[in-house]
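Dumping the structure here so I can ask a few things about it.
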Amino acid sequence: MTGPLALFRRDLRLALRHGSDALAVVAFFAFSAVLFAFAIGPEQLGGVAAGAAWVIALLSVLLSLDRLFQADYEDGSLDQLALAPAPLAAFVVAKLAAHWLATAIPLLFAVPAIALLLRLDHDALGALLVSLALGTPTLVILGAIGAALTLGARRGSVLQALLVLPLEVPVLVFGAGAAFGDPETIETAVTVLGAMLMAALAVGPAAISAALRAALS
Amino acid sequence: MSEFEGTDVSVPRGERLVLANLRFCLARGEVLVLRGANGAGKSTLLRVMAGLVRPQSGTVMWRGRGIFAEADAHRARLRYLGHNDGLKAALTARENLEFAASLDESASLDKTSSFNESGSLDKISLGVVEDALARWGLARIAETPTRWLSAGQRRRTALARLSLAPRALWLLDEPASVLDAEGVERLSEAVGVHAASGGIAVVAAHGAVALRGAREMTIVTPEGGTAGASP
Amino acid sequence: MATRNLHRFANPARFMRLAGAALPWCAGATAVLFAAGLYLAILASPPDYQQGETVRIMYVHVPAAWMALFVYVSIAAASLAAIVWRHPLAELYAKAASPIGAIFTLLALVTGSLWGQPMWGTWWVWDARLTSVLVLFFLYLGHIALMDAFDDTARGARAAAILALVGVVNVPVIKFSVDWWHTLHQPASVLRLDGPAIHPSMLAPLLVMAAAFTSFGALVVILRLETEIARRRARRLAAEGAGG
Amino acid sequence: MTPKRRRLTLALVALVMLACAAALMLRALERNIVFFVTPTELAAENSRINQRVRLGGLVEEGSVLRSADAPGAAFFVTDGVARVGVSYSGILPDLFREGQGVVVEGVLGMDGVFVADRVLAKHDETYMPPEVAEALKRAGQWRGAEPAP
Amino acid sequence: MTGPLALFRRDLRLALRHGSDALAVVAFFAFSAVLFAFAIGPEQLGGVAAGAAWVIALLSVLLSLDRLFQADYEDGSLDQLALAPAPLAAFVVAKLAAHWLATAIPLLFAVPAIALLLRLDHDALGALLVSLALGTPTLVILGAIGAALTLGARRGSVLQALLVLPLEVPVLVFGAGAAFGDPETIETAVTVLGAMLMAALAVGPAAISAALRAALS
Amino acid sequence: MSEFEGTDVSVPRGERLVLANLRFCLARGEVLVLRGANGAGKSTLLRVMAGLVRPQSGTVMWRGRGIFAEADAHRARLRYLGHNDGLKAALTARENLEFAASLDESASLDKTSSFNESGSLDKISLGVVEDALARWGLARIAETPTRWLSAGQRRRTALARLSLAPRALWLLDEPASVLDAEGVERLSEAVGVHAASGGIAVVAAHGAVALRGAREMTIVTPEGGTAGASP
């Protein structure tokens, strides 16, 4: 499994060196939170802050996903990955893990600051962090399915949004639910998010690698 | 004895067949130069040989076993270089090769490997990478991001992957296209050594090629939906 | 040479001979079943003890919802066949069936909404059943869009097949959402463990209508399959003609 | 051999994950993810006061008070254990009647009165002609509308 | 001026055919609005809808800007543009106009539908439309300066791009102000937005074409 | 008489000079083939000649006037083809050429143009595009998005820009690299016609080139920071 590990390291390095995508996600997140705080005003913020934070986080994570495989596809790297001895699904997992680490982790670090800005209380912050930590990997996997399916398609990214939207809504509903609710709903929601992540992990890599092979053929 | 052979290979692209009932047959140590007009289907055939494109009909076999049935084994025995170099512009030539080397390692550990003397994985691949860089004349620019390299330097970096580990089958799509004379020299030497040690190479090329003992096959642009190959 | 080119459609051609024979029967069955079903549903069945005459929406809503699910499952099965065995007909079937499935889904959504307004007091709520059916509708749309988003039809078919398989998770969610969650939508009346909770006088028209919807679906799928195969053949011939 | 075994392992891992997913889902479902809360649940949580909630249950028999000149009504919603008083001033759906399932949307005030701004009727899976319903009632086999599970 | 006009038409055509970036913006916009409706729940939506809609719209417009020149740079088209007889600044204006048309106009058309979804009232919708119509071109120009500076990204220009970002905040603040406030603040805000647009138009194209030439040399 | 000349051209790349004190001098109707090892600086020199890269020192002049001082005029007289084709993958070959043709039109109206007989702009460019497609053997694939074309077909589309309007100066960076024999034939014919009508062409190339009457210039890879050119 050195191959996938190497891909993981390479993608992280690209994210750090090039910086554009990974940092853009956090910048986008912070930026939108500030805008939100401005646009909505402190009085009304309380009730909706957690939900808003979730939506913003989701949008930020989605942001760079539509080009997840594009660069590798265009410069021929994807050919090399598809022809490497390790199974393509393993490379997919490595790539998604690197993407998640490079985007979601900085985002999680930014969340407390954002929470302050949006006047989230302590419990809500905890719930938000937990639900984001559990929900974002699922979002990444689902988005990657869309990205792989639409690789080389006409109107790729619109199509991707169309494909991914219905699949991601449930994640958001439970994620936001967890961030909002009382302890008991939080526990339920967290369990459901966990279940969704497991299911996405079980189905995602195989589906993605099948879609990538189709794109290359 | 034929090591690698294809029979009746047909591949549609868009609405028409680009390759129709094509056959090829390669023995150990053989070098095949693919020729044909632009758009004849050379690149397509190479991708079929690599197992990237599955033909609509026909079979492609390695030692009598279908390459699509044994896709993993086939991937582990080949090295493919397409029109695109497959390099990351932000990484240096060395980093790109290190990455390529670690892609192989899972394979080279499974199989008999030519560099299993000792040392940690990292050390092994470092030595190999250093070697490949030197062999393709890249030592002096190894630390420059490939974004800044000239077209030929980038192509050499892509070709240097050939020197990372021995593979039984090389599939090269116009490898010499932006190389200078010295680069072509290195390439033909590398192919020669590869063939001499029993490897098979399929090379798409236009113009003259300096590959000794190479057999040529011309892919004919299909007329009226029929394509064929004249060996 | 020519036979080899047609190899891909040899199998569908044989199938289409069978389908061609089945077509008139299908058309006849559809006409008879619809006539009987509509008569039973509109004239010969009683009003409900609670809902009154509004209950007649059921005779469209429920068969449409069933067909929406059934067609999706069949597409997923065909997609599996297309991916694993590369069966040429499977891919064609998926392409032919998915717009029909989408229309049935839309019909279920619209009739459900129309029914919800008088019965529940709202056109729409975001409960688990309704949301998951909406997701199904979007999946159908995505499937259709993906099919012809590529210049290469084979590529579109593969992508769509993968999507169809991924989307299968949604089917049990739709079916069991009413049991798993507190939904506004009612639990199952017909397909439930302790027998139908619908009086036979209303169940009979419902089942006849369901049969009518099914044979109508089959009819349209066969027609679409025929046109699709003819079109592909024509395009292939045209491409070969242009080549020569 | 090796690749085959690897594919098998991958398939097994996927299966195990799916099993985990199912197990987690079932665990979550024990708690019943809610479109609405029941009166008992509402009573157990004071935290819900002054927040918007959806409350589901049956309209208690004999509890409905309507005023002659305005739409709307006041009634109790019950799940057989607890009950909550609801006031509503909008138009009621056709199916709204005593003993029938409803979902009301609104805010529970400090005084314990639930002020609804939306009332949705919920009905069960039973369909029959009116005569049959009558007959069943007369025969004493009427199960009546049950609260939703 | 046929050259710039041709570029304008080509980019619009690419946007429609490929859809990749332009239509994605609208998809993203609709997508986020739906997500918002889900995450916050219809009950609490009323008070925050206008602000949310505005933030989402702005984010959508910003979305594809960072890759505005990337594709042309990588495939060699930018070389051809820089060597065409007409001045590069004219091509830049054409490109930005096409981008704005392909993203902001569909977005403006989508706004009423979204307003319905988010239950916005009539006045807020009007103010939102006006402020977006005036504010988005400025955002596009400022974003394009950043994109041109980061092209070929040596670290220095990333820094420069970071300097451009704060320029966008005032636009956002006044835009949001216009969409929210009473008629009088709206008038002020609209005037300020207009002034900003003029300034951006005066400085932007020259700055952008200089940055592009630097990236190509 | 020298039409296009450069003196003492020095260009730094990264930390070192890629071109140092290079000079060139071209008369009307002359074809110059640039030779040199990979990374010697051929592409860099072509970009200097195009006015894309401004040398650190030295002058580049057309009829005695600096090309950077008269950048607009210089751009209007040249046609540049780099390593990248500069095509949009989503557009067909015809659409790509139509776009290239309309980029020129503002120029061809200003200058004396070879097709100023009559008709609307659109009609003119349509005829020109049709012509260029035919001349490069692209008629049959004109309606396919260039994404699906083979490498050589794409290169031909890029080259077809040369036939859209007469330009005094052609700068071609390894134009023959993925062309088949027939493509190379068309190319050398086009360059021949261009030179015969008084045009200048600078062509970077490796290997043999079939350009009649071409002068060669080799760019020497700088050793120890010094670069030169042997004419």
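Labels for the chains are A, B, C, D, E and F, by order of writing; each one numbers its residues from 1.
Criterion: a contact is a pair of C-beta atoms (placed from the backbone, for glycine too) under 8 Å apart; a residue touches a chain by one contact, two chains touch by 3 or more.
Bear in mind that the values here come from a model prediction, so they are computed numbers and not experimental data.
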{"item": "Shared interface partners, meaning chains that touch subunit B and subunit D", "value": "A, C"}
{"item": "Required steps from subunit A to subunit D (each step between touching chains, minimum)", "value": "1"}
{"item": "Of all other chains, the one whose Cα centre sits farthest from subunit A", "value": "F"}
{"item": "Reference subunit C; chain at largest CA-centroid distance", "value": "F"}
{"item": "Pair sharing more residue contacts (C-beta pairs) when A-C is set against A-B", "value": "A-B"}
{"item": "Centre distance in Å when subunit A and subunit E are each reduced to the mean of their C-alpha atoms", "value": "24"}
{"item": "Where subunit B and subunit F are represented by their mean Cα positions, the distance between them in whole Å", "value": "31"}
{"item": "Whole-Å gap between the CA centroids of subunit E and subunit F", "value": "36"}
{"item": "Inter-centroid spacing, subunit E versus subunit B (mean Cα positions, whole Å)", "value": "45"}
{"item": "Multi-chain contact sites of subunit B, meaning residues that touch two or more partners", "value": "13-14, 72, 83, 110"}
{"item": "For subunit E, residues that touch 2 or more chains besides their own", "value": "17-18, 38, 41, 44"}
{"item": "Numbers and ranges of subunit D residues touching at least 2 other chains", "value": "6, 33-34"}
{"item": "Sites on subunit E touched by subunit F in the complex", "value": "1-3, 5-7, 10, 13-14, 17-18, 74-77, 79-87, 213, 216-217"}
{"item": "In the complex with subunit A, residue positions of subunit C that touch it", "value": "83, 131, 134-135, 138-139, 141-142, 145-146, 149-151, 155-156, 158-159, 162-163, 165-167, 169"}
{"item": "Residues on subunit B engaged by subunit F in the complex (per definition of touch)", "value": "13-14, 36-40, 43, 83, 141, 144, 148-153, 155-156, 174, 177-184, 206-208"}
{"item": "Complex contact set, residues of subunit B against subunit A", "value": "47, 50-54, 72, 75-76, 78, 80, 82-91, 95, 98-100, 102-107, 110, 121"}
{"item": "Residue numbers on subunit D that touch subunit C, as the complex places them", "value": "29, 32-36, 56, 91-96, 100, 103, 118-134, 148-149"}
